[in-house]
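Next come two complexes built around chain A: one with chain B, the other with chain C.
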Partner chain A sequence: MKFSCSTKDIASAVGAASKVVNAHTTVPILSNVLLTAIDDTIRVRATDLELTLEHVFPAQITEPGSVTVPAKLFSGYLGNLPAGIVELAGTPTRASVKWEKSNYDFHALPADEYPPLPSSQKGTSFAIDARRFREGVNATIFAASSEEARGAVLMGTLLEIAGDKITMVATDGYRLAKWETTLARGLEDGGTAKFIVPSRALAEAARNLGSAETIEVSALGPSGNQLAFAAHNASIVVRLVDGQYPNYAQVIPASFDRSVTVNTAALIAGLKRAELVAGDRASMVKMSVSNAQLIITANSDTTGNAYEELDVEQTGDDLTIAFNARYLVEILNHIDAAQIVMEFLGPLSPAAIRPTGEATEVAHMYVLMPLRQ
Partner chain B sequence: MVAHFDLDAFYASVAQLDDPSLRGKPLAISGDSRRSVVLTASYEARPFGVRSAMPLFKAKSLCPGLVVAPPNFARYKELSTRVFAIYERGARAIEALSLDEAYVEIGTDDFDEAVAYAHAVRAAIRGEIGLTASAGVASQKLVAKIASDAAKPDGLQAIAPGDERAYLAPMPVGRLWGIGPKTQTRLAQRNIATIGEIAELSDDVVFALFGRGGRAVREMARGNDTRAVEAGRETRSVSSESTFEFDVRDTEILRAIVRELSVEVSQRLGAHGLRGSTIGVKIKLSNFKITGRQTTVAVATDDPATIASAALHCLERADLDGAAVRLLGVRVASITEEPVRQISFFEP
Partner chain C sequence: MIRRLDESTVGQIAAGEVVERPISVVKELVENALDAGATRVAVTVSRGGLETIDVADDGVGIASHEMALAFARHATSKLREAIDLERVATLGFRGEGLASIAAVARVRLISRTPGSEIGYAVDAHDLDVGEPEPIAAAPGTRIIVRDLFANVPVRREYVRSPSAEFTRIATFLATLALAYPSVTFSLAHDGKPTFVFPGGTGMDQRLAHVFGAIPARALVALRDDEISGIDVRGARVRGYVSAPGTDRGDRRMQLLFINGRLLRSTLLAGAWTAGYATFALAHRQPFGVLFVDVAPDRVDPNVHPTKSDVRLRHPESVHDAVKRTIVATLANDAASRMRDALAIAPAGISAYRDPSEVVAAAPFVAQPFAWATDATASDVVDLFARASELRILAQLDDTFVLATDGRALVLVDQHAAHERVAFEAIAARAKRGDAASEPLLLPYTIELDAEAALRFERSRVALADAGLDAEPFGERTYRIVATPAGYGARAFDVRGYIDDLGDDVPGLDARERVWASLACHSVVRAGEALEHAEMSALLARLVRCENPMHCPHGRPTIVRIEASAIVRMFKRT
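And now, the complex of A and B:
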C-alpha cells in the first residue's frame, strides 16, 4: 500500500486510536493500529477487543492495501511532525514514512492478522444529536462505579430507549445520575431497547464523535451484543455488558415532601470548605434546613469545626441530613445551572438534586443516599 | 507478668456447648456447600487428621463419622465478650488477638500470684461459660504464647522468670516469631535447628542470616522479649489466613476458602467496630513465593459479601493458572473506626 496525506489528519487519527490500545496487552498485534487505504480514504483502526475505534480521513492513494504499525510509537512520531504532507508505504513487515527530509521505517505486523471488524449485521438503530450525546455522557458516566470488584454492570451506563426518548442512567449504588432527552430519530415503530454500555466506551464515543452533527447508534451482531456509534469521520464499536441493570426507577422516590432551592456556586464553595474539616470522618457534612436557611456543619476531633450559613428557599418541614461532601460536590459540578433544588423525604432517605429553570429538551437529575451516623 | 489465653477449638466447643448431642463426637464447623472448608475441628476429629482450612469433602473422607455444624459468629462474639470480661478481673491490659486468643498483662509482678490468676481465669471460663481455655504464664509474650500452645488442650504451663532461655533452647527454630519455612531452610543449611542455637550466634552471623532485625531475633531466642501487651493496639489491618495441609490447585476450592476467610475477617472487623476500604488477598505458593493483589472500594466496609467479592476479584487478578497454593489470606486495610456509614440504594 502507498498513500500521501496531511500530517495533521493522520496525526489526529492515529493519536485518537492509540488511546484505545491497551498498553499491557500480551498480544503483540493489539499494540498496533491498522491503516487501510481504500477509495481515497485512510481508515485507522485500534481495538482492545472490547472496544474498537475507527477514524477516517481523505488521502491520495497510489496503491490500496493495509499495514499495522505500533500505536504509541507511530503516534509519538506523527505528533512531532510539523504541518505538511506525509507519504507512507506499507508492506506486511514494514511501514516506511517520508516527510520532507525525514525518513523512518517502522516494524510492522501483517495486516491480515489484525482482528476483523465486529459483525456488521445491523439490528435496532437510532440517531442522537452529537452535542446532546456529549452532554448526556458528561452528566452521567461519572456516577458509575469504578470498582472492578463490584462487577461490570455497575461500571457501565444504561442507555434506555423508548420510542424517540433516550434515558441514560449511571449509579455506583450510593448515587445515581439520570439524564433524558429526545432522539433525532427514535426506534422504528416506537419500540424499546436497553443497553448497558461500558462507561469508558461512552467517554471515547463522546470524545471522538462529539463534534459531529448526529451520531448513528446501532445494535450489531446476531445477538445484538455489540453497539456501534458512528459519525461521518469516526466510529466506535463496543461489546455490551451482559447482565441485568438494577431497577433504578425503584430507588428514585416518586415524590418528596420538602425542598430547598439554593445558589449552586455558593453551595459548592461552602461544601468544599466544610469538607476540609470532615476529611477524616467519611467526608461527612451535616445540612440543616430551618427558617429558609441552610446550615452546613462538619466536625472532627483532629481538625476542628466548620459552620456555613446559606440563604435558601425552603418548602416543607425542617430537616437535618448528612452527606458525603465529595459525592455532593461531584454531582453539583455536573449541573450547569445557577440554582439547584434539593428535595428530601427524611434524614435516611434518598435526596434528589436537579437544576432549576425552564423545562428544556433535557431532563436531568441526581439521587444521592445520605450518611447514617 | 504476662498470660496468653487461647480457647480450645473455640467454634467447635461452642457448638458442643450449645448442643449436647454434639459432645464427644468428631465435629467440624463449616459452611454446608459442597465447596466449604473446615473452620475448626473438635479435638475428637483431630486424630483422624481433620484440620482447619481443609476442604470439607476431604475431611469427610478422612473421618466418615464427621458431624458438621454451621458457624454462628454472633454467638462466638457474645461468648468472646464474656470471656474477655473474665480476663478483666486482675488484668492491667488486654491485647485481643482474635475472638478466642489474647495476651493479658497481669496486675502483679509476682510469679505465683500470676499463676493463681491464670488458674482462676481458666476455672471461671469453665464454670461460668462452660468452655475450656489453655494458658501460658511467663514474664513476656513470646514465652507465654509458646507455653499456652504446649499446654493445649485445657492445660496451663507457667515458666518462672529466669527460666525463659532454658525453656526456649530445645525448641525448634520455627516456634520463634517471624521464622517461616524459608528462613528455616536457610538455618538448616547451617545446621541450626533449635532456638538455643540462635541464642548463641555472633553479631555477624545473625546479621547475615536475618539482616538488620537479626539482633532482635537473637534477643527473642535468649528469652528477652520486650514487647508490651498493647491494650489499645491500633489496628491497621485485619486479616485471616489459612495454611493448607496439602497444596491446593483447584480454583473452586481456593474461591471457597476466600469466601470463608472473608466471613472471618468481616466478623473480626465487626467485633471491633472497624471497617476498611482496601481489600486484598495474600497467596503463598508451594515454592514459598508470596504474591498478592489488592483493590480499593469507595466506601469502607465490614460486609462479608463486599469483602468476598473484592477478594475473589483479587484472586482472579493474581492469575494463578493452576499454580500450587500453600497459604491463602484475606486482608482488609485502610481501617476506620468512624461509625458514619454511607447508605446504599441496594441495602435490604
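And now, the complex of A and C:
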C-alpha cells in the first residue's frame, strides 16, 4: 500500500488510536495500529480486544492495502512532525515513512494477522446529540466502581433507553449517578433497551466522537453483545458487560422531607478544608442543618477540629448527617451549577444531590449513602 | 530360643539412647561439671572425640569411696527418691551418664574433693570398674573418655567424620556457654585451642561466636521483666533477640534454655515469633537466645532420654511471659528501631555496607519515635522535623516513592507504607470502638465456600468492630450491608479480604489479622500513580506510625541507601 496525507490528520488519528493500545499486552500485534488505505480514506484502527477504535481521514491513495505499525513508536514519531505532507509505503514487514527529507522505516507485522472488526450486523439503534452525550458521560462514569471486587457490572455504566429517553446510571454500591435526556432519535416504536457499557469505552467515545454533531449508537452482532458508537470521523466498538444491572430505581427514595439549597463552590471549599482534618478518620464530616445554617464539622485525635458555617436555604426539619467528604466533593465537582440542592429523609437514609437551574431537557442527580458510626 | 541378655549388652543398648555420638559424651560430662558447681570447664578432644574426650572442671568432685558407684547404672547424687523427680533443678538426673559412657568406651575418672589432699583415679570399661588409686590432681573432676564406640562397630559407622563431629561439639559448648556467663569455658581440638570464654566478662564474645559477629550486633538484650514491670507469673525471661528486620529463613538459631537446659520447644518458638507480631517478616524467623527460668516444679524434663524436650506444667503462662517480654523489649528499645532500618538492605547492595557507618548516618530512623511510652513532646516535634527534611524525588515504577534527606536515598514501598498507616488507624479506631461504617446504597450478597465461611465466621466480631456489617443470608451466604469506612478512595474488597484471612500471618492475633487484612484491602497498591502531594502525605503519616518500618505483614516499608554505599557502587573510594 502507498498513500500520502497531511501530517496533522495522521498524527491525530494515530495518537488517539495509540491510547487504546494496551502497553502490557502479550500479543505483539495488539501493540500495533492497523492502517488501511481504501476509497480515498485511511482507516486507523487500534484494539485491546474489548474495545476497538477506528479513525478515518482523507488521503491520496496510490496503492490500496494495509500495514500495521507499533502504535506508541509511530505516534511518537508523527507527533514530532511539523505540518506538511507525509508519504507512507507499507509491506507486510515494513512501513516506510517519508516527510520532506526525513525517511524512516518501521518494522511492521503482517496486516492480515490483525484481529478483524467485530460483526457489522446491526441491531437496535438510536442517535444522541454529541455534546449531550459528552455531558452525560462526564456526569456519570466517575461514580462507577473502579475495581473488579464487586463484579464487572458495577464497573460499567448503564445506558437505559425507553423510546426517545436515555438514562445513564453509574454506581459503585455506595453512591449513584443518574443522568437523563432526550435522544436525537429514539428507538423505533418506543421500544426499550439496556446496555451495560464499560465506563472506559464511554470515556473514549466521548473523547473521540464528542466533537461531532450526533453519535449513532447501534447494537452489533447476532446476540447484540457489542455496541458501536459512530460519528463521521471515528467509531468505537465495545464489548458490552454481560450481566444484570442492579435495580437502581429502588434505592432512590421516592420523596424527601427536608432539603438545603447551597452555593456549590462554597460547599466544596468548606468540605475540602474539613476533610483535611477528617483525613485519617474515614474522611468523615458531619453536616448539621438548623436555622438556615449548614454547619460542617470534623475532628480527629491526631489533627484537631474543623468547623465551617454556610448560609443555606432550608426546608423541613433540622438534621445532622455524616458523609465521606471525598465522595461528596467528587459528586459536587461533577455538577456544573452555581447552586445545588441536597435532599434528606434522615441521618441514615440516602441523600439526593441535584443541580439547580439546569437545562430542562436534562435531569441530573446523585444519591449518596451517609456514614454511620 | 529365648535368652536373657547379659548385662553388658543391656548396658550397650541403653547407652545407645544416651550416647549416640561424641557430642552426647561431651554433653553428659559438661552438664555433670555444671551440676557440680564448676566455675571452669575445660574440654579437650582429639579426632572429633572418637579418640579422646577430656572434660575437666573445678567442681565439688567425687569422694574416693563413691567413685565406683558413679559408674553404677541409675546411681546419682542428684536424686534420692522418686519425689525428687518432681523438682529436678540439675541438668543431669538419671544417673546413667557415666555408666552409659563406660558401656561404649574406656573411661578414666580422676577426682579430688575440696577437703582431700590428693585425688583418686578409677578406670572403667564396660562392666569392669577398677579400684580408686591415689593420684596427684587439681581439685575438681576430670573425666577422660577413650576409644569411643571401639566395641560397638555399628555405632562407629554411624558417626560422621571427625571434623563434623567436632563442629557439633564446638557448637554445643559455645551455645551452652551462653547460659552460664560466669563459668569459664575452653575447648581445644587435636592440641589446638578453639576458644576460651573467660567467665564473668560479658556476653559479647559468646554471642559473636554463636551467631556470627555481624548478626550478633543486631541482637537486642531483652528487657528484664523486673524492669519492664511485667507480671510473668512464675517465669522469668532473659536473653537476646534479633532486632526486627534481621532474620533468618529458619528457626535453627532460635536457642532456648529452660532452667539452663538447652531445649527445643515448638510452643515457645511460637511465642517468640508471636512477640514479633507485626515487626516480623512473613516466612522469616528472628534469631537469638532466650533463657527462661521457671520454678523446678513447673517443668518436667523426664520426657526424653536426651532431655531435648521438656514438658511445662503451665505452658500458657510461660508462652505469655516470652511473648510479652519480647513485645516490651521491641516496643521500647529505640535502638532496635535503628538497627531495624539498618537491617533492611537491598540484596545487591548489602555487601557494600559497613553497619557501623550506617548507624552514624541514620538519624531519620534513629530518633525515638512518638509511640515510645517515654517519648517526650520534643521527640515528637523532632520527628516531624525529620520527616519534613525528606524531599520527594519521584515515583518509581508506580510502586516506590523515592525521597532523600540529603544523605541517603530513601525508598518507600507505597503499598506497604500505606498498609502500615491504615493498619494503625484501623487498630486505634477499633480499640476505641470508634470505627466508622459506610453503609451500602446497594447491599449485595456473597457466597463463600465452606472454608472461607468458617474463616469469616471466626472473624465476624472483630470485623464488626472494624465496621464491616455482614448479615447471614442463608447457608454460607452473607449480605454485605456496610463496609469499613473510607480507608482511602477505594471500595472495600470483601472477597479479597476473606481470601486474605486464610494466609497465616505469624504472630498476629485474630483481631490484628482482621485489621491487617482491612488495611491491605483499602490502600493504594503497587502500580498506582501517585501525585506528589499524595506521596508526601503518605510519608508524613508513615513516620507518625508506632512501627513505621514494616507493614503489618512484616514486609519493610522503607529502605535507605546511604550516599556512602552509592559512592562505593561507583567505585569512588
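The rule is simple: the second predicted complex is superposed on the first by the 371 of 373 C-alpha atoms of A that agree within 3 Å, B and C clash if a C-alpha of one lies under 4 Å from a C-alpha of the other, contacts with A are read in each partner's own complex, and residues count from 1 in each chain.
In the analysis below, a residue touches a chain if its C-beta (ideal position, glycine included) is under 8 Å from a C-beta of that chain, and two chains touch if they have at least 3 such contacts.
Values in this document were obtained by computation on a predicted structure and should not be read as measured data.
> Should the pairing of chain B and chain C on chain A count as a clash or a fit in the superposition?
On the superposed model, which is not a single observed complex, chain B and chain C clash.
> With the two complexes superposed on chain A, say which partner A:G190 touches: chain B (first), chain C (second), both, or neither.
neither
> Once the structures are superposed on A, label A:N324 by its partner contacts, choosing first (chain B), second (chain C), both or neither.
In the superposition, A:N324 touches chain B and chain C alike.
> What is the contact status of A:G76 with respect to chain B (first) and chain C (second): first, second, both, or neither?
Neither partner.
> Between chain B (first) and chain C (second), which does A:L176 come into contact with in this model arrangement: first, second, both, or neither?
both
> I'd like to know which partner A:T302 touches here: chain B for first, chain C for second, both or neither.
A:T302: touches chain C, not chain B.
> Which residues form the common part of the chain A surface touched by chain B and by chain C?
145-147, 149-150, 171-174, 176, 246, 251, 280-282, 284, 322, 324, 348, 350, 367, 369-373.
> Can you name the residues of chain A that touch chain C in the complex?
Touching chain C: residues 145-147, 149-150, 171-176, 246, 248, 251, 279-284, 301-302, 322, 324, 326, 348, 350, 367-373 of chain A.
> Chain B touches which residues of chain A in the complex?
Residues 145-151, 171-174, 176, 246, 251, 280-282, 284, 322, 324, 348, 350, 367, 369-373 of chain A touch chain B in their complex.
> Would you tell me which residues of chain B are touching chain A in their complex?
Counting only chain B, the residues touching chain A are 279, 295-300, 309-310, 312-314, 336, 338-346.
> Which residues of chain C touch chain A in their complex?
425, 428-429, 434-442, 444, 482, 484-487, 489-496, 537, 541, 544
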